[in-house]
């Protein structure tokens, strides 16, 4: 059972090691090895979960609602696995892309503490513990975003920090209010208490605080500002790490909370979620089509795609939840990949501005193929992963008769396609606008595109083996929509 | 069938593996594959003509009703033959055409994959699977159009086509899912069985419109037709394969497929023919004034597609029959013409019809083939086109409802067709040679293989139409639902249809004669057209995209304006509004707490904290602000202390002191406060702050008041000493009961400190 | 009776602190104010501590009280010194 | 008897509160930074006093520990601010 | 004898210190509470006779705690202590000298 | 600050603060205190020292550098979970040394204490790193 | 007393919000400190208040004692908040050193 603690303690060990390692080269190698081991460990967890459906560990051996409980159900372990894969790819990518002024070996301290925070957030079954992991994640990301110390990084860092700090404080406030009302912090226990209570509408205020806090983290519509103004400032390795992981943790928390215990006033919540999802999708999509800088386009994409996940949660049928999870997984992989490729492009051309780059198709057809896989996956072109996710969501939307928001989702699909094709057209197909200016030619080596290959295969695999992933996600959705299973397994009280 | 598709997939990737030596045989290999697939399917003909259906189902995601489900019936059989046979010819042609371009492997890769996708599309029984192939063809079409990627026009055209078809694809998906949600299945067989239910369902109309959007975009119907002329930027094999014979017919195929499910309703018979007619007329009318050879062909293709849509929309047996015939007619002559056009392009180096001429001497075989195809297009006997046209007229004459108007417009459109055929023929083949003729080497024969075969087919089926009718019958049965004998012959006797045909040809010739006699007429016509139809749809599209871009740019600037304070303001306002809303909802709640001021010293302390906090907010001196902040912190720590939290109070005091110390020490390096905002904005902020603060007060009161459950901390108090051997319960919670929190906290601190260290470390110095 | 005396000492201590704060208000310049705060406050704390240790009467509390007294008498002059020094250095009022 | 004692304790608490308010007034008024620093120092001492009185009020000696901590650290803040003032001058 | 002397001095010193303390507090209380201010602030340089660090510390502490004086600065070159006095009179400096003597005796 | 008086006093205050911090750490399980408070107190002693002298000097004098403190602390924290793993108990289960002698009965030693010590060192390192990073000029 | 404390909490929130809406970054940081204090107080407050009964075993009746859990939570939150605030200060310091401005409104580079 102790294996569940692995995703927390192993990165912790790596953090310590990285603090002490001075040689940059050694740190890089250790990081790759470490993240590979991380994948193995998490695969073990995943295997155990698929055998037992759910794994529970009470830290310190204290009984359930009193100890901090670590829970790995399908959703958690799936997220863990995807995270591990992404982290591995990025640690490979970082080998060449983390430069002298980006903190060198110290980079890995924050890298792995971020991993620790993300893993912890996915695996914990305790509200306050979740807060702690959020903070770990948050602070790591603060540091990572400012690592190069360039002016715009500091500026983006301040914005990022300010808005996220507010989120954390709101989270803490909501948590305090929740504890004041229910007297417990264990998620399963909370669910049990709130399930029977008639006055449960009174917890709506704390639910609201949680909602806004997670909403800020997940970058939903009226509160997403931090994302576009900061993501594009950091080193591309870091940006792609963030793109893959950070907002998704917010989405994960929303899914967890609003399926497990904030299920009382569902009419209100689901309407709110759907409204917000609609706006998030459309605004993100529109903003993405307005920009001409790769990273910004991709950043706005993140927002627009968060909308889909929220929409899945708002529709709240098993299929919709499964779709949301599917979408999250797909998005994590594809999004990271596009950012990684944007980084390679930047290294080849020295800029992210689409107007100043071109001719990449000729220069590196391999890169073109690698780009078009995640790009089309994002646009939802079959048979890549995005199609199935969108398909599930749209199907669920129509079946549950949410025509409006579903139409918005479809329309956003076109916007996504538009902006993706824009990048493709401008960066790959177009001739280089300024042929005379000879940039010191950087040819992406194998190690630079290896991560993209891994993730691209992931995107394809999610599409080709959609059956298995669908089974996993629908099992996860099943578990989420039957909180009793979760509650009983943790509290060991079978009523 | 699945294996065949896999073969396509495998082969397309294998193209990259073919060694350099054998690269030049790539096209042959694929052509042979196409031919053998054609032969493979052809074997099924006896079964198909018996009305049998061959199907194959492989599980994919059964829970989502998604399966790999293939169906070979009359309809798909027909299309399979078309796809593979023309594919065969096109690859042969491409072998000749693509010589000398770089990236041929890529080209063949796309094209092979496309054939596979197209086959998959027509063989699909599951509609979502069909959609998958549908999107694949769109994507491949995009890639093929943008094959000459360094030309801006081809990039633009590719983008246009992908955007339009992508848009259509998504709405198609939506429509299919809507339909699927009625029957809870995506199998066309199930749909046909439940068609009565579907037609009466309230989701029928939206689903129909969405699906038609998909069909119309794919098949280049008005007003989405503009992408097709643009797509002529693709290499010519692509034009002749995708954009005349197969891909654009995917929409037609889908209409055939769905006819039994959705057809026959008023909506169906009104929407589709109207669009079809408009498209037909627009296409043929605009084709006359084009200069580019391929553009002319593209517009006639649009017109032909319009005809097909119109015929399916009329939805009578005869019209469906006509549609099938015309499908073949068009495929044969148009593919041939495109190939020829490519050949001419290669030969002369231009596609401008005004600068062509006298090609009859250069390529006599080409002339023969070309005139056969053009006659077929014009509907002159004994070509297959004639039979097609006859049938179309017949269908139109018999069409219910608005038959008369349709007929007139149809005739007009056909007159244009005749004219354009004659124009093309005269301009290209007769007159004087105006351009340099290039010698293309030994492969010239290869260019003509395809056109020759197709032209022969046009003639052959024209003379012996019964050969064709055998193949059409099963398909017709699938679409219309009952079997019927098709009798095709050249002459129908002297009925109204014949006179119509005669009239069409004659008036076409007359107009052509006039045009020839007064060359100015054509130019005037052109300028007239360019004035009247100055709104080019492609430009309109670009304009639309641009203005949308501008709109979203402005919008983005409005939202992501860069004023950090307003971001925070938005968040706070959002939070406040939602929280007040919740408070309003639960306004029935009442507190039984009383306002007491006892003990007085705490009240006094609170007063001081409040004053110092307020002072902090408005003070002008930085240090004073920080000192006041320290006072607030000390005050709060006393409150903690008063309410029994000893460790907490100590920590608060130390942390407060440390914060003050660090703050003050850094302060010397920071600037002075400046009052930067105006009074009004400060007032606004104060109001917002108060709104937020007050709602938090209410929440706090509510939280104190409500208690659903006895806190879990009793357990901690009970067991702290017994099991964890510590008397200080808070500390025991920190290091034992909830040690993981502390672990996280320590990590946070570590990161923060290392972060500060990395942030402030100067670059050279290394510690 | 013992309790009453404890109370009186307590009050006395509090009063000394009050005196210090009155002095803080009344004196005209910073250095004079500092005279008031360092001496009277420390003395007030001293009295309060005596009261506390008398009240509880256990060794531990008495020991702690003595410790605090030493701390206060060690640190209060230091604090005053540093403030005064910075003030003097800032304003060059030495002569 | 007990009553008198309580009155004494409460009144000393009130006296402390009053002095807290007075010190606070100086903190807000304080023309120079040094005044504020001095008053912060005083406030820390007053808080110490309040804790001591409170210890007697609830008859629990555990709070004496906090007084130790405050006595140890409060002056560090004062010293730090003085250092700041000094350095500011040096930079000028 | 020497070892006995020291505790004796310490005790003596303590007493002295405490008396000074009480005295100073009463003085300052009186001064604060009476409406009229008697103060006449000023500065004095007190030359030191020892270089012992402990001695310096004790001295400055004590000066701060005795009535009307507050040690401000120590000058290394002059080896003297800057003292702020509330009542600028002649005998102040003599008082301070006396205190210094006692401390010297203590740490010697 | 560069004041002789402060410098002299810092020597004595240092010792007092350090002793207090160790006390706070050890008693933490039973009385107010613990790793955090102890660590903060200990680091305050160094901070006071560097206010009296100068941060650069003190950093040079420190035998264990702040980052090493952090590493040490974190390693101790990590070590504290190993006994529970060896004993096949859930992670972070407190393992106590149970002795029969009166001393061991009164002073309980176990992994939570080790954990607390780890926290103590980490907090020292963290606070000092904050302080020195912010104050030391190039 | 709870009502007063709730008002105090609300007021601290208000002050914090007001301060983070200022243009000066220093004020912003102070605002964050206030908000974090307010939040801590809120957590502490909403768990219920028991005066003068610190939780040390052996204590009196459990029902009479203060709730130790929120104390532990707030303690954790305080320390985390401390770390964050110091990092913010450092960030601000570095930002000022690089750009020489304290005005939040001049932070528009990254949104263009």
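Order of writing sets the chain letters: A, B, C, D, E, F and G. Residues in each chain are counted from 1.
FYI, a residue touches a chain if its C-beta (ideal position, glycine included) is under 8 Å from a C-beta of that chain, and two chains touch if they have at least 3 such contacts.
Nothing here was measured: the structure is a model prediction, and the numbers come from that model.
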Chains touching both chain C and chain F, listed by label: D, E
Of all other chains, the one whose Cα centre sits farthest from chain C: B
Chain whose mean Cα position lies farthest from chain A: E
C-D or B-F, whichever has more C-beta pairs in contact: C-D
Separation of chain A from chain B, taking each centre as the mean of its C-alpha atoms, in whole Å: 26
CA centroid of chain A to CA centroid of chain E, Å: 68
Chain centre separation in whole Å, for chain G relative to chain C (CA means): 31
Distance from chain G to chain E - Cα centre to Cα centre, in angstrom: 44
Residues within chain C bordering two or more other chains: 22, 34, 42, 71, 74-76, 78, 81-82, 85-86, 89
Multi-partner residues of chain E (each touching 2 or more other chains): 60, 71, 73
In chain A, residues with contacts to at least two other chains: 12, 15, 19, 59-60, 128, 132, 135, 139, 142-143, 146, 149, 158-159, 162, 166, 173, 176-177, 179-181, 183, 185, 228-229
Touch relationships between chains, expressed as pairs: A-B, A-F, A-G, B-D, B-F, B-G, C-D, C-E, C-F, D-F, D-G, E-F, F-G
Of chain B, residues touching chain A in the complex: 59-61, 63-64, 66, 106, 128, 131-132, 135-136, 139, 142, 146, 149-150, 152, 155, 158-159, 162-163, 166-167, 170-171, 173-174, 177-178, 180-181, 206, 545, 548-549, 551-553, 555-556, 559-560, 562, 564, 567-568, 570-572, 574-575, 578-579, 582-583, 585-586, 589, 696, 699-700, 702-704, 706-713, 715-716, 736-741, 743-745, 747-748, 750-752, 754-755, 758-759, 763
Complex contact set, residues of chain B against chain F: 646-647, 650-651, 654-655, 657-658, 661-662, 665-666, 724-728, 731-732, 734-736, 739-740, 742-743, 746, 749-750, 752-754, 756-757, 759-762, 765, 767
Chain D partner contacts - residues on chain F that touch it in the complex: 1-2, 6, 16-17, 20, 24, 31-33, 37, 41, 44, 47-48, 51-52
Sites on chain D touched by chain C in the complex: 1-2, 4-5, 7-9, 11-13, 15-16, 18-20, 22-23, 25-26, 32, 34-35, 37-39, 41-42, 45-46, 48-49, 52-53, 55-56, 61, 64-65, 67-68, 71-72, 74-75, 78-79, 81-83, 85-86, 88-89
Chain D-facing residues of chain G, complex: 51-52, 54, 56
